[in-house]
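What follows is chain A paired twice: with chain B in the first complex and chain C in the second.
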Partner chain A sequence: MTSSSLSISKPASWKLSLLDNNLFNSAIRYVAVPLTGVLVFLLLWSATAQNIDTSLGKFPGPAAVWEQFGALYQEHERSREKAAAFYERQEIRNAERLAEDPGYQPKIRDYTGKETFIDQIFTSLITVMSGFLLAVAIAIPLGIATGLSRTLSSAINPIIQIFKPVSPLAWLPLVTMVVSALYTSTDPLVAKSFLNSMITVTLCCLWPMVINTSVGVAGIESDLVNVSKVLRLSPLKHVQKIVLPASVPMIFTGMRLSLGVAWMVLIAAEMLAQNPGLGKFVWDEFQNGSSDSLARIMAAVIVIGVIGFLLDRAMLQLQKLASWDKDSITH
Partner chain B sequence: MGVLLDISHVDMEFPTPKGPFTALRDIDLQVRKGEFVSLIGHSGCGKSTVLNVVAGLYRATRGGVILNGKEITEPGPERAVVFQNHSLLPWLSAYENVELAVRQVFGKTKSRAEMREWIEHNLQLVHMGHAMHKRPSEISGGMKQRVGIARALSMQPKVLLMDEPFGALDALTRAHMQDSLMEIQAELNNTVIMITHDVDEAVLLSDRIVMMTNGPAATIGEILDIQLERPRSRLELADDPHYNGYRARVLKFLHERHSKRDPSPKKSAADEKTKFETKSVEHAA
Partner chain C sequence: MKWTQLFRRAAITVGLASTLGLATPATSAELGYPEKEELTFGFIKLTDMAPIAIAYEKGFFEDEGLYVTIEAQANWKVLLDGVIDGRLDGAHMLAGQPIAATMGFGTKAEIITPFSMDLNGNGITVSNEIWEQMKPNIPKMDNGLPVHPIKADALKPVVEKYKAAGKPFNMGMVFPVSTHNYELRYWLAAGGIHPGYYAPHKGDISGQIDADALLSVTPPPQMPATLEAGTIYGYCVGEPWNQQAVFKGIGVPVVTDYEIWKDNPEKVFGITKTFAEKYPNTAIRITRALIRAAMWLDENNNANRPEAVKILSRSNYVGADYEVIANSMTGTFEYEKGDKREVPDFNVFFRYHATYPYYSDAIWYLTQMRRWGQISEDKSDDWYKEMAAKVYRPDIYRAAAESLIKDKLASADQFPDFSSEDGYREPQTHFIDGIVYNGQKPNEYIGKFPIGLKAGQKL
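So, the complex of A and B:
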């Protein structure tokens, strides 16, 4: 009995120590090593920054940037308080007027203070998503059409290949002029600067989605196409039941690539279009040229990076939810 | 019973950069209603091409196929195909795969409840009632092929076309599937054309075995009537002299008479096969 329990306990404890070892290894690999990497980067950054003198003072180190994060948040809080106070004053005034004259129609004016950094983040997110969704609405039907028809694919391919590498900065002046010419409403729903940035984003992030969708659709197994033929599915049903689900993995890969492109393009577009987002923030700080400007720009750079990363992760989760082919998803 | 399917003097040529490649020459075969016909021959000899012409996936260069007095010009559910690699839609469950076919064929004539019953009936027929709601990735190769057969049967085809349906399965699973198919055949008495390269399978299942010569320009070399009583049992047949006689005839054909115009009859079958494979690669290119 004792011998048997001994022989059992031996491999069990060995297993346990292996588990411990694995836990320890993964702790090192996923926590300690990346943390060390970041730390070394911060030290290098801090050491280098001190040796770079610009006309706006020394290049900001990590500490200065951290300080600006706090400052930016406080500005936001203060602006919110001001806005709240502004609306409160209006309501009191309206109540007073109404007490004097019951026929008075109360008016509430919008607060017109400067957008804060946090507001600008949201503007950027809304702009990028609008541009991206517009691109999705164009690219997926176009990609399916080119994937199904070899003739259409040959016709459109040269256009895609030529427009794909074009920088957003080249599109923007054209987009601006076209929007100014065509979008002439006296009571515009959205600002022109928003449209300019959005359309530029669309033009730049369209292509990876078109190409991936098209490749996905063209690569459907011929057996599945034969099944559709034997069943005599109508063209619409063929797309709906066979083509679309079969190419979902490729479509999502394209969408993920496109969203990455869209976010990169957006910052440049906002700078030039003066859309009140992160791009404009960077540009305004650059023009402002105060001693804090570089640190604030650096803070924006970090925020832009983090948001880009989060967008990619979100897209990956969506892909995992939507795709039947779990093997096709790469990190 | 009369002729249901008439494959009449079919030639099939494929265009290649080096000029047309003749895959089939003068295939002439009449299939009666309720008959089980196997096409056997070496791989690449054009068996699948014959099946694709009957399915309507290819148009014959010369000659044609007549089903029930009407020429076949396009694919359709009355000639359901069981593909070699099951070709189930991977994003749908077994039930949904059959449902797609049933809705397409009976969407206008059957009610919702009738369709559901019909789908379940067909899945139970192939012994897949227990795993109806599993996706293809969750079931074994044999089970996938069962679902593929259920899908084809659910269309109530006039002719059931099977393209090496059990070729990708292991021997034990294959034997199970053959028994299942015989069971179903006894019940439904379908008209079936099956492609195979397995001699035992052909003799066990068929009423007639059509032996094809090697390509290019493959044609029917010999047709063998299998007059074994049904139901057939593989164990009893193993010692049956008739069964073994049929088996030997097919084997003999495959080893000796597989090519009509082979200049050197001493050449081994393996040589012949590799020779053909290079040809078929050219054709694909």
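So, the complex of A and C:
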């Protein structure tokens, strides 16, 4: 490349080719290199897959997994058709019964079929977001409080340090039992299984947020605190005008960490507790032990990865939007 | 005598439920609309859950005005707890589960069954390593294939060898009160291998006292993986998990429960007593749908089985490959790879009055619970009969069957003669050890076994 650009003497075209060169370089860097990486990975994957014999047949290669993506989508389409037929039959049945039994209050019941892979993705997303938002609602005020007060911080710190490394799987049985004991409405607003997963997620992604918020708040520059003192801001105003804006970068770093934890925790919790979602999908397929099972699990693994990545990117964008200190953001 | 008792109960049930206080027996009343329309049923991934899947897929539940959601459960304990705490309205259960729950062995709860789901359907599989050691002890036919049924006598020297070497001989079954536990025990004991006693009054519920072979619990779908890992040397489980071992090449089924006890009752459909009392019409309508499904499964000499297998192989039901499920469901059973034999009655869903909840079936399970110490003390014959009548509810079955006959969806000759049926089968002879079972005389039956607790014996 360089030799060809050197041979051109005119300054204008020199510049142009330099621009070209840059563009070309960045194209290589951002497109060609990652693409090669993925290709090499796919090749390695399909080569190794050929050589792994499990009792359920060969380990699925990229082609088998791709095929299962198609099959899963078709299953989803078929399920939608069945659901439509189900509602149709139900309306006819309701009408018939109303004719015979005028006192009857017809009701449209939800489709009783099994959730498809795509339904499970949405269930998992909703659960993780609910658990995460609940954690945000608890962790940020708590983090600010501990960040502002040294006494409170030293009181709460041991508890945080002990609970932080606890795996979700340890929490799960406790959460399940407590939820079944306390949540006993006959016509529940949300399912128990949803609450179980959600609370487990909350418990596990609470800590990184509390710690980061607290560190962010405690580390506010003394100049800013002094300004607040001079202006005699009320405690509420102090938090609103000084503390929050100053610690936003750290808070968002904590949130991003937490969301990553939340997503990982959720899959494990769903798997263990048989709560609806992608984790349950993986476990069900493992139990089925059919010849497609491994390819389907691999498909789920890829989807889990892609969603985890997208969630992280979304948080990053949010962080960029909300934060004044662009230097604090790392990719 | 049984019938007067039965009618009284039915009358009380209906009387309680109806605010009008019309104490007519459920059997003669016009069947009303279901009180509860949205139901959730649990199941374990086994082919004998088929009646539930078929009742759903063929619209039999919807015909009754029932909107049913069907959910696979992780293991039998989770399933039972689900029914007890109301998360599930009903479930595909091991015959021993409602009995043990009512009796208070394990979790205490009053669970009843109006519908017996199938006959036979289980097998005992051993790992390839054990099979190689058993093989020399098994007589061969002219074509070189082993003579079936294979008795545990062939396994005994192997177990003794392991015992002498100080290695525990571990085997898997699916639940302490499962059919599989009793079948595996029956087979082992018939071959002189002691499967161990339970002593719940001393807090010992491992069931390994005096045992030659140590039995422990593994959920059905995980059996093949556990065998492959070498944690257990063999297991007793329902289909498709024996055929799965053949397909995966990790083990060999040695005997089916059809050979241990021909036409033995297997799963039941369990609901809580409270549910049946609170929603009597719903209970009858569920039974109606399940009877129709069972009839469909056995219709025209198993003509619908391939379609049923296709449904079961979907991932939301059993989910194993079509070929694996089809092996046993369509009337054949593959022992060693390539040694496929005809077992037309391997899975029976309706023939031979398979769905009728016989008291004598319940009593057989009770006798085995006593034999292995799960019932730690002697009980009178009457106690056995009362317990069976508490759990098995032919009154609900009868109401359902008679209303099906009335609606021309079934004919009377497909069912036992309800006016004379007392709920006890004729003495049954087809056991692998030749011991005859008469449900009327449980204590006499328990006394016949060489291995097992006898009258008056307490650990």
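A few notes on this one:
To be clear about the criterion, the second predicted complex is superposed on the first by the 307 of 331 C-alpha atoms of A that agree within 3 Å, B and C clash if a C-alpha of one lies under 4 Å from a C-alpha of the other, contacts with A are read in each partner's own complex, and residues count from 1 in each chain.
In this section, contacts are C-beta pairs under 8 Å (C-beta built on N, C-alpha and C of every residue); 3 or more make two chains touch, one makes a residue touch a chain.
What you see is a predicted model, and the numbers here were worked out from it, not measured in a lab.
After superposition onto chain A, the modelled positions of chain B and chain C are compatible, with room for both. Using the contact criterion defined above for the overlaid structures, shared-chain residue A:Asp312 touches neither chain B nor chain C, since it reaches no partner. Using the contact criterion defined above for the overlaid structures, shared-chain residue A:Glu67 touches neither chain B nor chain C, since it reaches no partner.
Which of chain B and chain C touches more residues of chain A: that partner is C.
Applying the stated contact rule after C-alpha superposition, one finds that A:Asp119 touches neither chain B nor chain C. After overlaying the two complexes on the shared chain, residue contacts for A:Lys241 are found with chain B alone; chain C is out of touch.
Once chain A of one complex is fitted onto chain A of the other, the partner contacts of A:Arg97 are limited to chain C, with no touch recorded for chain B. When the shared chain is aligned, chain B comes close enough to touch A:Arg232, but chain C does not.
After the superposition on chain A, the angle chain B-chain A-chain C between C-alpha centres rounds to 150°, nearest 10.
Aligning both complexes on chain A leaves chain B and chain C separated at their closest CA atoms by 52 Å. With the contact threshold set out at the top, not one residue of chain A is in contact with chain B in one structure and with chain C in the other. Of all the residues in chain C, the ones that touch chain A in their complex are 33, 37-38, 45, 56, 59, 62, 65, 67-70, 72-74, 78, 85, 87, 221-222, 224-225, 228, 244, 248-250, 313, 315-316, 318-321, 324.
Across the interface of their complex, chain A is touched by residues 55-57, 74-77, 79-81, 83, 85, 87, 89-91, 100-101, 104-105, 135, 155 of chain B.
Against chain C, in their complex, chain A makes its touches with residues 55-56, 89-90, 93, 97, 101, 104, 107, 109, 112-114, 180, 192, 274, 284-285, 287-291, 293, 296.
Within the complex, the chain A residues that touch chain B are 221, 223-224, 226-227, 229-233, 237, 241-242, 245-246, 248, 324-325.
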